[in-house]
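There are two complexes below, and they share chain A, which is joined by chain B in the first and by chain C in the second.
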Partner chain A sequence: MSTSAAGTVDRRRLPRDWSRAVAWTAGAVILLVVVAAVFAPLLAPHNPNALNLNEAFSAPTARYPLGADASGRDLLSRLLYGARPALLGPTLAVLLATMLGTVVAVASAWFGGLADRVISRLLDLLFAFPPLLLALLVAATFGAGFTTSILAVGIAEVPYIARVIRTEAIRQRKRPYIEGSLVQGLPGVAIIWRHLLPNVAPTVFTQMTLSFGYVIVNLAAVSFLGLGVQAPTADWGSMVSEGQSSLVQGYPQESLYASACIIVVVVAFTVFGDWVAARMEARR
Partner chain B sequence: MNDALLAVRGLRMSIDIPGSRERRDVLLGVDLEIAAGEALALIGESGSGKSLTARSILRLLPEGARMEGDILFRGTSVPGMDRRQLRSYRSSDVSMVFQDPRAHLDPTRTIGDFLVETLRACREMPRREAYSKAVELLDDVRITNPGRRMSQYPHELSGGTLQRVMIASALAPEPALLLADEPTTALDVTVQAEVVRILTELRTERNLAMLFITHDVDLAEVACDRAAVMYAGRIVEKQVASLLPSSAGHPYTIGLMNSRPELGRRAERLQPLAGRPLSAYEAPAGCAFADRCALVIGKCRQDPPPPLRRLPSTVAACHRAEDARALLTPATAAAPAPPASPPGTSATAALIEVRNVSRVFQARGSFRRAPIVAVDDVSFTVEQGDSLAIVGESGSGKTSMARMLVGLERPTSGTISIDGQRRHGRRLGTLDRAESARKIQIVFQDPYASLDPRQTVGAAITEALRLSGATDKSGLPGRTRDLMHLVGLNADLADRYPRRLSGGQRQRVAIARALAPEPEVLVLDEPVASLDVSIQAQILNVLAQLRRELAVTYVFITHDLSVVRQVADTVLVMHHGKIAERGLVTQVLENPQTDYTRTLLASVPSRMPTAAGAETAGLASPMVTDVAARG
Partner chain C sequence: MLVAVVKRLTELVATLLVTSLAVFSSLYLVPGSPIAYLTRGRAADAAAIARITAQYHLNEEFFPRYWTFLSGLFHGDLGQSLVYNESTWSLIEPRLTVTLLLIALATLETVAVGVALGAVAALTGKASDMGIVIGSTIGVGIPAFAASAVLLSVFAVNLGWFPVAGNGSGLAGNLDHVVLGSVALAISSAAYMVRLTRSAVREERAKEYVDTANARGLPSGQTVRRHIMRNAAPSILTAGGVTFIGIMASEVVVESAFGINGAGSLLVSSVGAKDFSVVQVLVLMYVAAFMIVNTVIDLVALRVDPRLAIEMATR
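Showing the complex of A and B:
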C-alpha cells in the first residue's frame, strides 16, 4: 500500500501481463510440437530409422543437424518422429483415465452411501501403488507395446482424476438446482447428463491438463524401461534409454535432446493448463 | 466541526477489474461524521457501498482499489498515516465486527487462546492478567459461565455466542469506535435482539461510538441514534434514526420502508420499489435512483446528482424531497381477512397429512455423539387452498420438514401423505416421482444456487414443462413465455444464463420452473431470505398474485414473522423440532399462547425498544447542521 498524494490511497495489483505472456509462450511451444508431430515426414531430413553406421555418433553437420546416434540414425528426424507417440500416447491415456475416472467419480457421488464407500476404498487401493509400478505391472502382464503402455499409464492415473472429480460432483449434487430437478421428476441419468456433468466439466478439464504432464513423464518412463514403444520406432523415452549407453562414451546428445524435449513439453502443458484452468475458474 | 470522532470527507473509490484495463467506481462521494459515543446506522442494499465505506475507515481496501477523499480520526488523516501509526490506529482506536463470526475464528484454537492473544497484542499485558481480563470481557458481553467458555472451541458454541466473543475481542483494546458490518444478519431473531441489546448497553457504559451497517431500517431505528442511507455509492439521506418512519424525505428511504411487510397487518399489496438496487458503476448520469423513483422528473435525469441538502424535516439528496412524504404514502388498504375457521377443522380431506413424523440424523464417525433429532413427532394437515407458514429459528427442523414434504429426505418414522397417497414406502399407492412432481414442488432459499448455471432461463423452464407432460412439443415455447409472464419476467430474458440475472429475477425463474408441472402444493423454503429488501416485496407480491390466480396451496418456510403475516393464513411455530404453537396467523401473532412465540414476537426489530429512546433532539444533531452548512 502506498500513499501517493495526501488523502489518496492506492492499492494496485501486481502487473498480471507476464502470466499471460508465459501462458501464450507455452501455448506456442505446444503448437510447435503438434506441428512437428503432424508434419514429421515433411520436416524430417532423413528416414528416422535409416541406419548409416559410418556416421555413428556423428557430430552436428550440415547433413545431420543434431548429429546421429549409435547406429548413425539422424537425431533430428528421430526427435521429430518421436513427437508423435509423445503427444498421441498421453492424449489417449488421459482420455482413458478421464472417462473411467469421471464415470467412477460421478457414480460414487450420485449413489453415495455404500457405493461411495466401496468405490472410494478401491480408489485408495489403487493409490497405494505408485503409478509407475502399477503401469509396469500391467505392461509386464499384457506384454510390452504402445497400446498396453497407454492402458497401463491411463489406468494408473484414474484414482488421481476420480478423487478430485468426486469431490466436485458431491458438492454439485447437494446444490439446490440438482435437488430441484429431482423434485421436478427428472430421471437420475438425465440429471447427471444434463446438469451434473456440464457443471463438473471445468473441474474435469483442469484435472486433465494437470494429469497430462504426469502422464507424459510416466509414459516416457515406461518406454525408457523398454515396455512402451518398441524399437526401432522413434520415441523420446526410448531415446533417453538408448542414448544411455553412449553417455559414458562421451556422446550425450541422444539422451540429452530427448530428455530436453520431454521436459519442455511437460512444462509447456502444465503452464498452459494452469492458465486455462484459472481462466475457466474465474469465469464461473 | 472538529469535535467529531470520525469524519469521512468526499470519499470516492474505484476498483480495477481483474484481467482488464477497466476501472469501476464503487463509492462516489461519501460524507459522514460520528461524534464520540454516538451510533450511526449506515443503511443500504447490496452494492450500495456500505461495507466498503466501513472497510476504508480501517484502510482495509480490496485489491486494485484506488481511494480519494479524506478520513479523519480525531483530526488525524487515516490515508496519511504511516505504517506504525496505522497499526496503532487499527489495534487500539477502531475495532470491527463482521457478519460471520465463525469465519473469523480459528477453529483449532480455544476462545481463551483467541482473546488472550488479542489482548496481549493490543495491550501488552502478562498472560495471567490477559486471561482474567478476557474472562471479564466475556462477562461484559453477557456470556454465561465465562470461565468455562475460555476453554471451549468455536464449534462448541452457537453463532450468537461466537458473535458475542467477537464483540468482546473488538472491545479488548478499549476502542473509541466500533465498526459493525451486519453483525446480526446471520443470527436468529431472538439472538439478534440480544446482541443489539448488549451493543446498546456496552455503548452507554463505555461511551463507545458505533458505525452499524445494516440493510434493515427497523433494526437501524432500534440500534442507533442517527442513520445515513446509501444508494449506489452515495449517501442519499441523513436522519435521526427514530424519526425515519415519520420524517424520511428521500423516495428511496420511504420506498425501503414501504416495501417491508408489517408485522401488525397484512397489506393488500406491498409497494415494492421497481427494478433492482444499482451499484455505483451502473448508476446513470443524474440521480442514480431516478429509474426506480415514482416521483422522477426531467431534472432528476438531466442535472448532476442532487447534493445532500437541508430540509425542515430531514437532510436528503433529492429534488423532490419536499413532496416525497406526502406523495409516497404506504398502502392503506388492508387485505381481506383470511378465512376464520381454525386449521384442521374443515370437512374436506386434507391435501397434505403429516402424521407423527420424526427425522433423526445419526452423527457419523463418532460413537459418543448423540443422534440429532431434527424433527420430533410432528403431525399436521394442510388443506386445499391453504397457505401455511412454518416458522422457526435455525435448528427448529423447519427445513427438514420442507425437504421431507417434497421427498428429498425420508422421515425416520411417521408418514406423510399427499392427496391420499403415501409419500414414501414401497407399497402400492406410494407416490412415484412423476406423480409427486405434479402434486408438490419446491422453491429454495438461494436463488444463486437453485438454477443450473449452464442452462438458459428458457431452457430451464421448458425442461420442467416437458417433464410434466402437460404440454405437447409445439406448445412448449408458448407455455414457457406464459410462465415467464406469470412471474413477471420479460420474455427476452429467455436466452440469458442465470449469472446475468439479478437475485430477484433468478427467484422468479425458480418459481416459474416450480409452477411448470401445475403442482397443487408449492413449498417455499425461505424464498425471500437472501434477497434485498426492495426485491423481497416484489417476490411476495408475485406469490400473493399467483395464489389468487392459480389457487395453489402454499407451505411457506420462514424465520420472518412479518412475512408470515403477509403470505400465510395459518401458522405453525416450530421450536427444537417440535410444534410450539399453531393456529390462524391473526390469532398467533396477536394473541400468542406460548412463551416461545411471545419471545419470537418481541424480538422482531419493529417491536424492540429503541436505543435512542427519548433522544430525539431532532435536527439540532451536530452532523445534520454541519452537512447542511457544507451543502
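Showing the complex of A and C:
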C-alpha cells in the first residue's frame, strides 16, 4: 500500500488511519444500535408503553435510569424500543428505493435513446419533490402510518439512487465485456443479470449506505409531524414531538434524548457511508 | 445563450404543468369515490355533496376538471377549504409573511455561513480545515426538528431570550419568533453547503491556472477572488439550489416545532384534517417555489459562467 521509501515519514498514512478509526467507531455505533433494536425486549427494564402517572417526569432513578415521560413511561425502554422503527423503516425504504432505482437506471442505461431521455425526465420531476412534501401528499391521500411513510420516503429517494447507478451502468455498458457477450449472442437479460449487475453492485452498495442517513432523517421528520409511526409505539421522531410539550414545562429530557439518538445514528451512517464511498472510489 | 435561457424556461413551464397534473390527480388515485374521500370523517348532507361536486367539478371528465383547476389557479381561485368554510387563499395569505421570513432568514444564514466556512476550509491550513470538516460532518446529521428541541429548551425555555411559540405581531415580532427556528433550519443545510463549497473550491484550487497566477506574482487574495471563487461559483450556486430543497421541506417541520402558525403548519394540519384542496394548493406552491428558485439559480449560473450555455442548450 505505502509507496514511501523506508526511513521517511509517510505523511499520508496518518490521516488515512485516522479516518479508518473514525469509520470503525461509526460502524461500532451502528452495530450497537442494531443490538439495541434486536434485543430491546431483553435490555429494556420496563414495558415501553407501561403508564405510571405517579412517576410522570420522574428524574433519573434506579427504577427509571433516564427518567420518565409525561405519562410516566420509562424513557430508557422507549429509546431502546425506538431503535426498531429507526432502523427498520430506513432499511425497508432504502431497499425499496434501491430496487426501483436499479431497475429504472439499468433499463435507462441499457436501452438508451428515447427510453433514457424519458426516464431521466421523470427522475428530474421526482427530484423536484422534496421527500417530506411527497410524504405529506401521500399521507393526505392514503392516510398516515408507518407503511405509507416508508413508501413515500422510499419513492422520493429513487432519483438520488437511480442517478448514480445510471451513470455507472452507462460506463459499464460501454465496456468490451458487454460487447463481447452481445457478440456471443447472449440474451440481454442474461448479460444484465450475470455481468452488468455484479459490476454495478459496489456502486449500488455505496449509494445505499449514503442514502440511509438521509432516509433516517426524513422518516424521523415524518414521525415528528405525527404522520409516520403512530402512538403509542415508541419512535424517536415521535418522542421528540411528544416531548415538546414537556420541554416547554421545563422537562426537556424526552425530546433531548430522542434527538441525541437520531443525531448520533445519522452521523454514524454519514461517516460510515462517506468512508465506504471513498474506499470504493480509491479501488477504481 | 438565448437558446439556453429559452430552453430552461420551457423546461420550467413543462415541469410545472406535469407537477400540477400529478398533484391534481393524486386525489383520484384514492380507491373509492372522491366524494366519500373528501367528506371522510364528516357528516355531509345533500347540499354539501352538491357543493363539493360543483367545487371539484366531479360530474365532468378528468381533463376538463384539471383544466378548471388549472385555470382557477391562474385566476387566483385556489378553491375552497373543506374544513374551514373559507377560500384557500384567505387561509394561506395571512400565514405567508412568517413562512417567507423564516425561509429567507435560514437561506441567508446557510449561504453566509456555508460559503464562508467552506472557502476557509478549502483555502487555509490543515487544522482549520479539519475542524470545519468535523463540524460539518456532525452538522449535516442534525435534523432541523432535533435542533429545534435543543434550541427551544436552551434559549427559549431556560434562558427566556426568545418566545416559545406563536407568530408575534408586526415585522419585528415576526422576526423575534422566527430567529431561533431559522437557526435550527440552517444548521444542517449550512453544514451541507460547507461540504459542497469546500470540495468545489478545492477542485479549482488544484488547477493549473492557479499555479500560473501565483507564478505571475498575483496577490493571493486576487487569485482567490477573481479566479478560484469565480470558477467555483457555478458549482456553489447549484449546491445552493440543492440545499434550498432541504430548507423548504424542513421549514414545514420547524414551523410545527416552534408553534409558528405559517403556511407549513397549515399544510401539516390540513394533512391531518384531510383538507385536501388546501393540501393540493400548498404542496403545489412549495414545489413551484422550489422549481422557480432552481431555474433562477441556473440562469444566474449561466450569467456567471457563459460556458454553461453550450451544455444547457445541447442537453
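Assume the second predicted complex is superposed on the first by the 263 of 284 C-alpha atoms of A that agree within 3 Å, B and C clash if a C-alpha of one lies under 4 Å from a C-alpha of the other, contacts with A are read in each partner's own complex, and residues count from 1 in each chain.
Convention: a contact is a pair of C-beta atoms (placed from the backbone, for glycine too) under 8 Å apart; a residue touches a chain by one contact, two chains touch by 3 or more.
Just so it is clear, the model here is predicted, and its values are computed rather than measured.
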| item | value |
| --- | --- |
| Touched chain A residues, chain B compared with chain C | C |
| Contacts of A:Y177 with chain B and chain C, given as first, second, both or neither | first |
| First, second, both or neither for A:P252, with chain B first and chain C second | second |
| First, second, both or neither for A:V240, with chain B first and chain C second | second |
| Which of chain B and chain C A:L227 touches, first, second, both or neither | second |
| Partner chain in contact with A:H195 - chain B first, chain C second, else both or neither | first |
| Which superposed partner A:L137 touches (first chain B, second chain C, both, neither) | second |
| Residues on chain C engaged by chain A in the complex (per definition of touch) | 15, 18-19, 22-23, 26-27, 29-30, 137-138, 140-147, 149-150, 152-153, 157, 164-165, 245-246, 248-250, 252-253, 256-257, 267-268, 270-272, 274, 276, 279, 283, 286-287, 290-291, 294 |
| Residue ranges of chain A in contact with chain C within the complex | 124-125, 128-133, 136-137, 139-142, 144, 213, 217, 220-221, 224-227, 237, 240-241, 243-244, 247-248, 250, 252, 255-256, 258-260, 262-263, 266-267, 269-271, 274 |
| List of chain B residues in touch with chain A within their complex | 16, 18-19, 59, 61-70, 77, 79-80, 406-408, 433-434, 436-438, 440-442, 444-446, 449-455, 463-464, 467-468, 510, 513-514, 516-517 |
| Residue ranges of chain A touching chain B (in the complex, touch as defined) | 1, 3, 6-13, 16, 175-177, 179-187, 194-195, 198-199, 282, 284 |
